[in-house]
Amino acid sequence: MFPTDRRYSRDHEWAQKENGRVRIGITSFAAERLSDVVFVELPKAGAEVRAGQAFGAIESVKAASDLYAPVSGSVVEINQAVVERPETINQDPHGEAWMVVIAMSVPEEWNHLLDAEAYEALVGAEQT
Amino acid sequence: MTMPVIFERSVPGRIASAPPAPDVPDVPLEAIVGEEHIRSTPPALPEVSELDLVRHYTRLSQRNYAVDTGFYPLGSCTMKYNPKVNEDAARLSGFARLHPNTPAPLAQGALELLWRLEQMLCEISGMDRVTFQPSAGAHGEMTALMMIRACLEDRGEHRTRVIVPDSAHGTNPSSAAMCGFEVVTVRSDERGNIDHAALRRAADGSVAALMLTNPNTLGLFEEGVCEVAEIVHGCGGLMYLDGANFNAMLGITRPGDQGFDVMHMNVHKTFGTPHGGGGPGAGPVAVKRLLEPYLPAPTVEREGDRFLLDGDRPKSIGRVRAFNGNFGIFVRTYAYLLAYGPLLRQVSEAAVLNANYLLALLRPYFDLPYDRRCMHEFVLSGRRQKEQYGIRTLEMAKRLLDYGFHAPTVYFPLIVDEAIMIEPTETESRQTLDEFADALIRVAGECATDAETVRNAPHRTVVTRLDEVSAARKLNLRYTAAERRGS
Amino acid sequence: MKPAPGWRPHRYLPHTGAEIEEMLRVAGVASVGDLFSEIPSAVRLKRPLDLPPALPEGELFAHLVELAERNAHADRLVGFLGAGAYDHEIPSVVWHLAGRAEFVTAYTPYQAEVMQGELQAAYEYQTMLCELTGMDVANASMYDGASALGEAAVMSRDLTGRNRVVVSSAVHPHYREVLRTYTRHLGIDVVEVPHRDGMTPVEDIRAATGPEVAAVIVQSPNAFGCIEHGSALAEMAHAAGALMVAAVAEPISLGLLRPPGEYGADIVAGEGQPLGNHLNYGGPYLGMLAARQAFVRRMPGRLVGMTTDRDGRRGFVLTLQTQEQHIRREKATSNICTNEALNALAAAVYMAALGPDGMRRVAEANARRAHYALEQLTALPGIRRAFAAPVFNEFVVRTPLPPEQLNARLCEKGFLGGLALGAWYPELPDGWLVCVTEARTRGQIDAFVAAVKEAIVR
């Protein structure tokens, strides 16, 4: 159900490694739970983020939540398109709706993230 | 037919109210206020005649649901009848045209009213003093927590956490955050009371207060309230009552006797002042003696037969708003209480009776997650309808609008799946309750027989379901010239 | 069977004895007392409430009339008192409309489909307030001007990530007090810059505004009635990367004066009472809050937005509710929930009644009459103008006898005099803040000046 080419945080973000950098978005499970996303707030490029801490915010008409960084590092790229068209998050959360790219500062944090199977188990547990 | 916004009724050159001519020697305005301070373009306000204005707002009023037009079973909102004589009283020149900076000797009637009202609120709540400054329940929460913080700091204690049950109103954690407290959520047990074991675990030396709603938001009385107070006081914290549900208790039991140290009252719920489509309300805070030094200044005091405002309160938390609170609302509160006197007890008796009666009528058709004697309101669940027919509670709520009723509160409290929270209040007659129950039961039936009609409701309102998603994505919060052209 | 011993019929309660019996039977409860069986006996009140006896309507009203008559209200004394609340003419039409029971007895518009009236009225109010203040977005109201200012300070902290606000001492003292109350526990530091000659000194603001400052807070017309140099102050704030928060205690002034949006304000927090609302001894009033578009998601309070229904018809809904406490809980932008919707509605009806031309004319009448009164008063021996800066409808003069004493003498002549400023500004023990609105006729002003003359030579 969840792509195996990346890892997942317990806060429902996905993280995909690309040459030492990590592309981040929210999972389809999170997107579905939020329902129609109406707003995304992302940090500025260059911002420093820490694993487990909020780096942005996301809102639907019925919920608002912070976006938590799965890994620490500095933001090297942000997806302006998703800010302008937040509905992309509901349409293609694992692809077009990536949010930021982070240059990792603590590489071993990667190992704390869940693989697709473990994340699926987590989601299964939350759904019941 | 689309209802025009008032800007679309505007015709340049019309006016509905002509101010007086200055009638004094004609000095150039530039010389009076300074040329650089004069506005370059006039505000683009509507230009309408008086009759245009009357018809516009009268038509808008007809597109509103109100207690005077129908039953309002909104749980936790206590939408009771708002007596008319109270409105007349509040509009008396002696109240409505009294300037807030009027020196106390010239405002004795107003101060006496507040003083007498304070005595009554103390008697009803079992507390010792009252501040009238807070303008709404949430404002009262903030004021109360600030007093708690000031009191603890005065004792040399820096306590950082406030305990809030998972059934609490969202304002509780938010008010705590505004006072710089960290919020600890404690779960409810299977009977809907705050879980005592979890509370004990949370109650340590860092706890400033417990914020409790009683009866809680499930409409259930906290059976162990005395024990809860012992636990909280035992760790050195204070007991705060969110008085949103005070309507169940008047003359029956007093928060001050239950171990609470401070509470706010929503007079626009409990004491029948109108809600105004979202305000004004008032959230006076009543405290036990230990918190008196910290009340916002000024307080209303009596010296012999004179009444005064006492601003000399060195330990006060300060003002939470300008002037003396929503005085006009307190005129109504005072009138409301005088209309009942000791018969106030009947308000709560009738409110609880109405809730229990309505619950009995609806119980066979809905899930009831906490099956106990309810107080002034009760919480059903639409789980059955969702599971069997895929109909969500929101959709049933919208379908009720088609039957001419306002919907109950839905999806609150958060701990009940598909929550339907119903508060009939004491001023509704048995006939109204029967009619409402019939309508809700019919909607429940339609979930089986005519699901599409329910799912697409409402059908008979002036607009159908509104697109909240596009409203939030493409914010349009003010009318602009572009829309005028586009319309 | 006696279901409710001592039950007395009451005009607000529909229940008859027979109905109570039947309802108890349906509910399966033996008696009214048993409804409360889950309340521990130890905390039950075992006596009747000790309250004054219930009054029938006639006696009730007579009692309230008696209390009301013991107040020196504006129909009894001719008022020259302002200082944060203003006695303006209120067209009859305002409360005939805002006072309609369909508005008055409604709840917050949570079921939008049956609350289009309230929602549309709020949207129209937001629009009119934006027009009046020159700002991009306005919310549907706050409690009052002072608490709106407190919220504006918190908002500027959230927007800038900075923890200090600089406030002029020429901001209304109640507003400054509330500002301190609201910010005290949030780690926001409030620095006060003393006024100089009734004005906020631009250079002192510059000196106080460093990189840690979230907002510069100024009121115009200020607590002395003086019109501030908005643009210069906004430039100072912006040069330091801070926001300019403009407090407005007298929005009628904006019919004539440059609105905050024009002089560079980022947030406007103010008092809407003068727009069609009664003095009410201090409330209910309405807090105005308006801001630049970019700040909309940090605005506390309710916002109404335009949208469409499933059939493409225009409609209105509460929007950005996710910032509110019932969803965000401790992360909400504010805890405000109930606001002052009805007072905002009255303000909208008032603004629509006057329109652009009426707002200008009423503001002009205020300015001209106040100016006339100022000239007449300062022509009296011993009375002199305190500050040279231009004013709108309030001004400070220094009096040859203590203002409290002067007020007492004026009261005997049927006037409610100005505010004795000494209590708020100890450095001005002889400062008298006089307010003249369009509701004061030339005849009343002349009589007032004559009474002042008599009082000071007595």
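Per-chain numbering from 1; labels A, B and C assigned in written order.
The rule is simple: a residue touches a chain if its C-beta (ideal position, glycine included) is under 8 Å from a C-beta of that chain, and two chains touch if they have at least 3 such contacts.
Given the structure is predicted, the values throughout are model-derived calculations rather than measurements.
Of the two chain pairs examined here, A-C and B-C, the one linked by more C-beta pairs in contact is B-C. With centres computed from CA atoms alone, B is the chain lying nearest the middle of all the protein shown.
Each chain gets a centre from the mean of its Cα atoms; the one farthest from the centre of subunit C is A. Separating the centre of subunit A from that of subunit B, both taken as means of CA atoms, is a distance of 38 Å.
Separating the CA-averaged centres of subunit A and subunit C is a span of 44 Å. A separation of 19 Å divides the Cα centre of subunit B from that of subunit C.
Residue positions of subunit C touching 2 or more other chains: 322, 327-328, 331.
Multi-chain contact residues of subunit A, defined as those touching 2 or more other chains: 39, 59-61.
Listed for subunit B are residues 468, 471-472, each touching two or more other chains. Residue ranges on subunit A touching subunit C, taken from their complex, read 39, 41, 59-64, 66. On the subunit C side of its complex with subunit A, the touching residues are 297, 321-323, 327-328, 331. Only residues 468-469, 471-473 of subunit B touch subunit A when the two sit together in their complex. Subunit A contributes residues 36, 38-39, 59-61, 86-87 to its touches with subunit B in the complex.
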